[in-house]
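Report on the following structure.
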Amino acid sequence: MTHNFVLRFRSPDRPGIMAAVTPLVAAQGCDIRAAEVYGDPETGHFFCRMELVSPVDHETLSTKIAGAEDYLLDWDLKDLAHKQRVLIAVSKFGHCLVDLIHKQEIGQLPIEIVGVVSNHDTMRKTVEWHGLPYHHLPMSDGKEAQEARFLSIIEESGAELTVLARYMQILSDDFSARLDGRCINIHHSFLPSFKGAKPYHQAHTRGVKIIGATAHFVTADLDEGPIIEQDVRRVSHAVVADEMVAIGREIEASVLSRAVRWHAEHRIFQNGNKTVVL
Amino acid sequence: MTHNFVLRFRSPDRPGIMAAVTPLVAAQGCDIRAAEVYGDPETGHFFCRMELVSPVDHETLSTKIAGAEDYLLDWDLKDLAHKQRVLIAVSKFGHCLVDLIHKQEIGQLPIEIVGVVSNHDTMRKTVEWHGLPYHHLPMSDGKEAQEARFLSIIEESGAELTVLARYMQILSDDFSARLDGRCINIHHSFLPSFKGAKPYHQAHTRGVKIIGATAHFVTADLDEGPIIEQDVRRVSHAVVADEMVAIGREIEASVLSRAVRWHAEHRIFQNGNKTVVL
Amino acid sequence: MTHNFVLRFRSPDRPGIMAAVTPLVAAQGCDIRAAEVYGDPETGHFFCRMELVSPVDHETLSTKIAGAEDYLLDWDLKDLAHKQRVLIAVSKFGHCLVDLIHKQEIGQLPIEIVGVVSNHDTMRKTVEWHGLPYHHLPMSDGKEAQEARFLSIIEESGAELTVLARYMQILSDDFSARLDGRCINIHHSFLPSFKGAKPYHQAHTRGVKIIGATAHFVTADLDEGPIIEQDVRRVSHAVVADEMVAIGREIEASVLSRAVRWHAEHRIFQNGNKTVVL
Amino acid sequence: MTHNFVLRFRSPDRPGIMAAVTPLVAAQGCDIRAAEVYGDPETGHFFCRMELVSPVDHETLSTKIAGAEDYLLDWDLKDLAHKQRVLIAVSKFGHCLVDLIHKQEIGQLPIEIVGVVSNHDTMRKTVEWHGLPYHHLPMSDGKEAQEARFLSIIEESGAELTVLARYMQILSDDFSARLDGRCINIHHSFLPSFKGAKPYHQAHTRGVKIIGATAHFVTADLDEGPIIEQDVRRVSHAVVADEMVAIGREIEASVLSRAVRWHAEHRIFQNGNKTVVL
C-alpha cells in the first residue's frame, strides 16, 4: 500500500537544499511524481512543493525528513488522502457558496465542508438541504460577541481553512490576525482597483472595459492581503452596473474555487505580501 | 460610383431620431451596411454610428442630413476613402511605434502616418528608413517651447489624431485641453490600478496575477482620461518586474493599435469620462 | 404605462429598410433604447434587433409594423415582460443544470424553467427540491417512443426553447428538424475540433494547450449546427483528461448560460449555418 | 565568477532520480534557482528542468552529472550565456519575422538570428536593413534542390533552431525528419481545427466565435506535430475572413515568439506527440 503525500518547505536559498532532502525521501523508496521549486531573487527564499508516492507511512517519512531540518525554515508533509476541512462564511449572495458545494459534491474539490456561517439566515434552506450545518450569527449580537462565536465554530469544527464566500462583514484586526494564512476572501474587483464597497459600481463609473475578481488571504489590512488568484471578463459601454454584478458572479465563483482547490492541494505559500503558487 | 461613408451622431434620447435620419439617407439611395445605436440610460444621450454605401457624394448627402439637425447634438459624415492622418509621439521604447508602422504598411490600419515626434533621437533611424519625417523635440528646450513646437507640428502636418505611443512626458494642461478627443495615450497598466510611473514595478510589488494595458483619451487629469480599450495577460509569481515589462509590450502594442483603428473607423464617442465604442 | 419590446427582423439588404420601419415605430411614440443592424455581404441578408420603449401595446404596435412587411423576410415583436419558457434536458452530469437553475433563481436569466427531462433519474432530487417538474424518460422504452414522449412534454409545457444541458443522447433527424432554431446544445469541446464522444480525452491525446466548449443550435448533422457561443481555458501538459473534464465543466456552464440568455433576449439569428448575435 | 546553466533531463520514472542528480550539482556548489519536474503517468517518463548558478565551468559540471547517467535517458547542460542560433524561414507575410527581429533587438528574446531564408524576395529589404543575411531560395529551382540548399544554409549557419514564420511551403518528409525537434512552425489556426490551407477562411465558413494560432514542432505529418503553444482571440459574426487574417497576425506573432523563447530557454520537451513545457 502506498501513500500520496505532498512535501512542502521553505528555506533560505543556498546550495544543497534539494541534495539534503531528496536522498532522504529516496531512501524510503518514495517516487517524486511532480515537483516545483522557486527561489525568489528578492527575498532570498526558496520554496518547494513535491508530490510523493510513498511506500512508508506519514510518521516514518516525517521522522526522516526532519533530518534535513537544518536546511529548512518550515516544512510539512501532507497526506492527500485527508480532505481539508473547510468552513464557509456567506452573507446573502449564494453564488460562490452554491458553486463550492456543487464542486465538492461532484468530486472536483478535495475538501470536506464542515459547515456554513452567516450573518443572515438567507442561505439556511439551501445549506441544510445539502446536509451541512448552518450557523446563523447575526450582527445584532454585537461585533465582538459575533466574532467570538465565529471563532469558536472554527475551532470546534476543526476547520483548517475559512472561506469568505461573499461574507459582507469587515473582520476585526484580531480576528484577521488569528486566521493568518488560513482564511481566503473573494473580492469582487480586480484588485488593487476598486477596493472597498460596491466595486462594480466603481468600475462602471470609471468606464473600464474589463472587470475581474480577486481571491486573497485575509489580513488586518482590508483588501490588501496576498493575492492568490485573479480573473477577468470583458465588458462594453452597454453593460450597466447591475449587469456587471451578474457577470462578476461567475468570475468570483471560478476564482474562489481555484484558490480553495490550490489551498487544499497545498500549493500556496505566503511570501511577504505576495503568494507563490506551485 | 458609390462612396463608403460613416455617419455618426449624438443626440438627446427621445423618440423619432432614427425616423428623422434614416428616410433622409434612404431618399438619396444610401444602403445601410451596419449600424449600432446606444442610448445611455444614465446620461440620456443617444449615440449612433452607421456605415453607408452612398450613390451620392459627400456634399449632397451632408446637405440632406443637415435637415435632421434639430434632432442632433452633433454629427459628422466621414468618407472611409480618406485615411485618417496620424502623428505618433514616442520616447525611447519603439515597440508600439514599430507595431503601428508595420500594421499601417501591410494595410491593417486605415491611417496615414504623417510623422513621428520624439523627445529623444533614438528611433530616428527606424522611422526615416520607413520614409517618415522624424521630429526631434528635446526637453532641454524647456517644456513650454517644446510643447509649442509639438503643437505646430500637429497643425502643420494636418494630424487628425496624435498617438502617444509610450511618450514618457507629462503634457501640460493646456496642451491636453487643446487635443481633447484627438489624442490617445497607451498606459502600461490596467487602469485605474497603478497610475503614474513604473506601473509594472508597482504591479510586481503588489503581487497581482494578471497585468494589463490601457488606451485612453488624454485629458488634463493624468491617467484619468476616458478609457477606450484594455487588455490583460496572466503572470505568475516567477515573473520578475523586467519580464512584466517585456510581456506588457505585446499587450500595449495590441491595445493601442485597436484604439487607433477604432478611432480611424470613427467608432469612438466620448460620453462624459467614459467612451462608447460602436 | 410603457412596454419594453424587442423588434427583430431579417430582410434582403437594400436601401430603405430602416427608413420604412423606424417612422412606423416613431409614430407610435416608441423610443429606441439600443439597436444593432448587420448586413451580411456574403448572403445579402440584413439583420436588425431593436429595443423599444413603447407607450402602445403589443397588438397596436404589431399592426403598425406589419405595414413595412414588403421590406421584411420575417420579423417578430417580443415583449420583454414575458419570460421565455425553457425546458432543460440532462443526463447524469448536473453542472450545467445546477448553474441554469441558480442563475434563473437569482434573477440573472430572464427565463421560466418549465421542467427537466432526463434519460436517467439521477438529478430528480435536485430538480424537485427547486420545485420543478422532473420527467424521467428512460431509453429502455426505445428511442422512438422516448423521443415521442420528449416531444409531447415540449408541447404540453409550452417550451419555447429546449436546452440540452449535457444530454448525452443523439437525437433523431426528425426530432432535430422539428426543433429547428428552438434547441440549443452544449458541446464539451472547442468545435469543430473533437467532435463526437469523449472530446476532453481526444484533446488530451492531441496535446492541445487550450480547451473549450461550444453552444450551438441542434441540427440533424451532429455537432455541426450553427455556433452561438464558445469559450476556452488554458491547460498545461500536467492536466490529465479527468482534470480537463473538471475544468471544462465551468466553461460549459458559462457558455451555455450565455447562449440561453441571448436566446431569451432575442439576440440570436440563424444565418445559414452560422449565427448573427446582435 | 558564476555561470547560469540549465540542466535538463528525461528518465524513466522511478525513485531516486532527484536524489542521484541533486547531490552531484550541490557538491560543486551549484545553487538551484528554479526547477520543475513532471512525471507523466501515461508514458512513465520523468522530465526535469533546473536553473543552476554554478561556480564551476561547463566541462567540470558536465563530467560530474555524467555520474548519474544510469538514471537518465538523455540529458544536457546548457549555458544561458550562449544565445541560441536561429534561422528564420518566411514567404511573403512579414509580421512574424518583423516581430521576432524586433524582440531580439530589444533584448526580449535570448537568440541570435543567423539569417532569413525565403522562397520569395519580398522581405529582403527589411531583413538586410536589420543587418541580417537574406537567402532567396526560389521554388523554381525544384523542390529537391531548393530544400538541399535550405539544409546547407541551416548547417553552414550553425542554426540550432529553424523557425517557419509563415513559410508557406510544405516540407518533404526527409527534410522534416532531419529537423526533428529543431524546427518550429506557426499554423494560423487553433489546431486541430482547420488544418491545411486558408484556415481563417475555413473558420469564417464554419462560423466560429474564437480564432487562434498554434506553434508546433514540424513533423512529416503536416499540421500534426507536437503542439508547443496556442492562443486565441474572440471574433463576431461581423468579422469577415480578411479581418480574421489581420486579427490572426497578432496571435501568430505572439504565439510563435513565446514558443521560440521557450525553446531558447530550453523549456520544451517532446513527449511522444505532445510537449512538456517546464
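First chain written, first letter: the chains are A, B, C and D, and each begins at residue 1.
In this section, a contact is a pair of C-beta atoms (placed from the backbone, for glycine too) under 8 Å apart; a residue touches a chain by one contact, two chains touch by 3 or more.
Nothing here was measured: the structure is a model prediction, and the numbers come from that model.
Between chain A and chain C, the least number of touching-chain steps is 1. Farthest chain from chain D (centres taken as the mean of C-alpha atoms): C.
Note: Cα superposition of chain C onto chain D, rotation of 180 degrees, nearest 5. In whole angstrom, the spacing between the mean C-alpha positions of chain A and chain B is 41. Separation between the centroids of chain A and chain D, computed from CA atoms only, is 36 Å. Counting only residues that touch two or more partner chains, chain A has 34, 38, 41, 238.
Of all residues in chain A, those touching chain D in their complex are 13-20, 22-23, 25-27, 29-39, 41, 46, 234.
Looking at the complex, you find that chain B touches chain D at residues 34, 93-95, 98, 102, 106, 108, 129, 238, 246, 249-250, 254. Those residues of chain C that touch chain D in the shared complex are 38, 40-41, 190-194, 206-210, 212, 226-232, 236-238, 240, 271, 273-277.
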